[in-house]
Amino acid sequence: MITMLEAIRQAMRDELAADDKVVLIGQDIAEFGGAFKVTQGLVDEFGSERVVDTPISESAMIGAAIGAAMVGLKPVVEMQFIDFLACGYNQLVNFAGKMRYRWGQGASLVVRGPCGAGVSGSAFHSQSPESSYLCVPGIKVIYPSTAEDAYGLLRSAIQDPDPVLFLEHKFLYRRIKGEIGSKPIPLGQAATRRRGHGLTVVTYGAAVHTALEVAEQFGDQVEVLDLRCLLPLDEAAVFESVRRTNKVVLYHEAQKTLGMGAELSARISESLFEYLDGPVTRVAAPDSPIPFSPNLEKAWLPGSEQLAQACRQLLNY
Amino acid sequence: MTSEQKLQAYYFLKLNRALEERLLSFYKQNKVVGGLYRSLGQEAISIGSAMALQPQDWVAPLIRNVGAFLVRGYRPRDLFTQYMAKATSPTCGRDCNTHFGDIQRGVVAPISMLGAMIPVMVGVGWGSRMQGVDRVGLTYIGDGGTSTGDFHEGLNLASVWKAPMVLIAEHNQFAYSTPTSKQMAITDLVDRAKAYAIPAEIVDGNDVLAVFAATGRALEHARSGQGPYFLECKTMRMRGHAEHDDARYVPAELLEQWRGKDPIERFTRQLLDEFGFAPEQLSEQDERVKVLIEEDAEFADNSPYPDGSGALGGVFAS
Amino acid sequence: MITMLEAIRQAMRDELAADDKVVLIGQDIAEFGGAFKVTQGLVDEFGSERVVDTPISESAMIGAAIGAAMVGLKPVVEMQFIDFLACGYNQLVNFAGKMRYRWGQGASLVVRGPCGAGVSGSAFHSQSPESSYLCVPGIKVIYPSTAEDAYGLLRSAIQDPDPVLFLEHKFLYRRIKGEIGSKPIPLGQAATRRRGHGLTVVTYGAAVHTALEVAEQFGDQVEVLDLRCLLPLDEAAVFESVRRTNKVVLYHEAQKTLGMGAELSARISESLFEYLDGPVTRVAAPDSPIPFSPNLEKAWLPGSEQLAQACRQLLNY
Amino acid sequence: MTSEQKLQAYYFLKLNRALEERLLSFYKQNKVVGGLYRSLGQEAISIGSAMALQPQDWVAPLIRNVGAFLVRGYRPRDLFTQYMAKATSPTCGRDCNTHFGDIQRGVVAPISMLGAMIPVMVGVGWGSRMQGVDRVGLTYIGDGGTSTGDFHEGLNLASVWKAPMVLIAEHNQFAYSTPTSKQMAITDLVDRAKAYAIPAEIVDGNDVLAVFAATGRALEHARSGQGPYFLECKTMRMRGHAEHDDARYVPAELLEQWRGKDPIERFTRQLLDEFGFAPEQLSEQDERVKVLIEEDAEFADNSPYPDGSGALGGVFAS
């Protein structure tokens, strides 16, 4: 049993070992091992040519990774906190994301780093950025909830020929443990974490664990589907489940407005209108920055009570 | 500096350090929420520079510029409660550590993204001049922060607009674990200023009088309509990036070498030996510091946490 | 009758005249009058202190506007094309958008500029960026479809105490004419452009005009609701209409995934489940960059045929 | 340059100009989709620099670097069809003007956001060296483009990584309507390079031999492991930003002054007077240019537009 953090490190280690085109780029990731120590030791194993420190220049880091990808490397860029990716937004969205469509050449690169709230990181060390990168074309987005997935999905992400944003919920880094496999897990496959017949909670990331806790309260009523990948999205798995349960709660930590829940809700409405026995329901964070003080943060986070209430309400609908 | 100012500088230096030492005990008691970022060894920069400001000037302190808050009239309790996430903090617990400010006091709250304050303080200075207000915007940047795009865009804009703006670069040798040599190919940050024809000076950042004097010159330059000014304060970060970082990547000799340059010890010696202050004059200030720190520490410690209802609302004015 | 472009200029002129705190900031906006000539002549009327050219530095432009707003100015920042706002993403989203919540001080500023496709601008001069700024808290988003609205809403945007993104569809600049009023139009009020009882098309921006064209084909069946503001959103108007027509098509030019349509669909599903007589339907652009060549761009754009088909299908549902 | 190279340079210069003149007639016939951006007066920069590249090197041309495409083996038809939005264009009509490239030929397609190519070409150079490949990444930037954050972050990273990368700054006096004096407070772009300790030279951008020689030195420097190199090519944009811009903001005297420095006229005189080429040798090249332009113009003109089905797909590899 290893932590999710160790699983992520192991995925990078295995990819570094398997393919000498893989390089790691980031701030303080070499000797220091990164702010969260995710890359600890990798520079000793693979050398400072392949685990490379950078200045504080998120835009140049992404840009250089794009260039390196063009000449055949497979760069994995660490953001010290994923919030700082906002400073490299243009390179990722306009350069990496649009390349293949425009001139047929893709950039095989991963941008990864800690995201998410729950550790009093306040507004700039807690964000869930998935919507910002899903609402523009060209960036795959992966968001694992278990150590096993983190390992297998990161390996696939590194091997993927296109730009991938790999989100690691910092709350899970050392809190979640699991056995990991030794193989990549294909992108785009959701996982049913719990079976139920009364409604489906579709979720991902740290929220999966809260959903499982809540589902317990409802016996065999609540099914929990972990998306694992937001793009490519396993729409079929979502639809299959909702077709069975006829009710769905979309649950995530990111802001509600234009969150992943909005998109799923729209797709379910479009495709499963006649299967629905109750309103497609979202449980997500309020449309505000993330507050610092623990009580505030707790009130801000869409927690188990909110989810339980939404489930209750929908089950009784 | 007048004699009075010298005593004041001494007071603020000691207050800054005592404040952080008190925070450190809170930290060890697990009463600090999140990381604790020290300015140990760099206090002279914030205090010397902020003391050179006129009341109408504005300042945007970063995480190690606790001293600038104090000079601007904030109390230790404001820092204590921010770090302890209390309801009584300037942001009512909404944001952390030095992430607070107040337009009325001319203090701008920073965001975490390094470099971002620079264009904003260009706007503060420029926007004031547009309105005929004599106001300079002062902010800080670390050696590492000079690698950001905003550093470049901000200083270039400042130079083109001749904005009344002063940037103090704290060259403390490290950006988290990254030494300056892995951050840039130059050794002096003043070389950055050449790209904008902004006048720049190297200052001994551990000499509060030198920082005060240089900032005074810089502000004067900016105020007179000649545009921005850049100061590089050479110094050393004497602790880890934050208290959770043991900074073993810092060569022991380097630390040793800088330990002898402590800005407070040095200024204390100067006050006594060079400027003829009596030991009692200083201990009087020490006593003031002690009393205030204890009073404010108690205040913060006894302050309640916000309750959850404070989490919502306030994103927009209406 | 003046063009939408002239209406926008007039709004700035009237605000510059009414409030000496208003300043315009942008690339080539002073003597040159801007790439689209939106600010033409304003520097002559108000001087180069208030209509100010900048270097090519989108991040610094937004940052400086924030600082200027803090000291009491009301800056209006022109992006030469709104696509370049991607280079100032961090300042707008993390500084401007989060200020008031964090420390009680807001930034009264407007970022405005041409957006949208239809003029063969290709991938970097045609984007519809609303989702990128709606999926994070703190930025109001306005998107007028008529000269009158452009005038009145821009005046309100400039007076607004918070950061506003004001989107001007470049296709409409000189193609749309109208009488303008002399007063600000309050933010957050949708406008019913056509009455109908069979279904509601909710739309905004240039798409409003296509929607009206299409609605014609359906006699008194299709109601067209123009949102005008995406945030603040006139949810009440959307709900009122859908409660009457019981069917809704969400129609916009931006990418479908995590577009405004997703959010509206989710809200409608949540609140009006029992009123719906057919699946909430989206008509929006494919999830790809915007192609250049006219035929490609036309195929890419969600056009009248697509909308008409969606309406037909839903009416027959 | 060898004699052969000189003739080649002459050929490319004339081809570049003839290509744009042909594009201009297409433009006047409304056959160009979107704006037409000229490199008139600046052709020596793209051609001199691209000719200095080794086959294994990579280049990222911007909108005025038509010449670099030609030197790299692209044909006029590639530019014609791109500008005319034809199905036969390198991007099959998906993107416009110089927004095309091909990894096989070592040509990177630019994005519109100025400055963005710089970090990317740092990555190209650095990533090649990582793999033991001797390859330099060359790209360009305008005077205006040097104000972007990416310019700074990219060059700083290049200098720290000692990336084999060369940046050619085309100082053509204007960024759209903005003269350099409103873009920056310095007069020479080489001063920007001081911020990174990157060696920099000022070059006469209207002298194809000087550009070729300087780029050769720069590439050599980069290739030898000493890191990036910066060249400032002084020149003048002899047309508006694009053809729809009448550029009335450009002082007539300035244009007049530069008209006498036309890089092609100048090189032609040199070839004849200094290097002893016979007029027939040049007219032979002129003939080649004429034939190729006409052939390719016809090809482009007769090419079909893509049909709508080409709009979809291809965002991801799978």
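A, B, C and D are the chain letters, set down in written order, and residue numbers restart from 1 in every chain.
As a working rule, a contact is a pair of C-beta atoms (placed from the backbone, for glycine too) under 8 Å apart; a residue touches a chain by one contact, two chains touch by 3 or more.
Predicted, not measured: the structure shown is a model, and the values here were computed from it.
Common neighbours of chain A and chain D under the contact rule above are B, C.
Chain centres here are Cα means. That of chain B falls 45 Å from that of chain D. For the pair chain A and chain C, the distance between C-alpha centroids works out to 30 Å. Centre-to-centre separation between chain C and chain D, using Cα means, comes to 36 Å.
Between the Cα centres of chain B and chain C there is a gap of 40 Å. For chain B, residues touching at least two other chains, in rising order: 91, 94-95, 99, 111, 113, 147-150, 153, 156-157, 160, 182-184, 314-315. For chain A, residues touching at least two other chains, in rising order: 55, 57, 59, 83, 86-87, 90, 94, 98, 101-102, 123-124, 137-138, 287-289, 291.
Interchain contacts join each chain to each other chain, per the touch definition above. Taken in their complex, chain A has these residues touching chain D: 21, 23, 49-50, 52, 54-55, 57, 59-73, 75, 90-91, 94-95, 98-106, 137-138, 140, 161-162. Put simply, chain C touches chain D in their complex at residues 27-28, 31-32, 35, 53, 55-57, 59, 80-81, 83-84, 86-87, 120-125, 286-289, 291-300. In the complex of the two chains, the chain A residues touching chain C come out as 83, 86-87, 89-90, 93-94, 97-98, 101-102, 123-124, 131-132, 134-138, 231, 250, 255, 257-263, 265-266, 268-271, 273, 276, 278-282, 287-289, 291. Chain D makes touch with chain B in their complex at residues 147-153, 156-157, 159-160, 182-186, 191-192, 194-198, 227. In the complex of the two chains, the chain D residues touching chain A come out as 58, 90-91, 94-95, 99-103, 108-109, 111, 113, 116, 118-128, 130-131, 133, 135, 137, 149-150, 153-154, 156-157, 160-161, 314-318.
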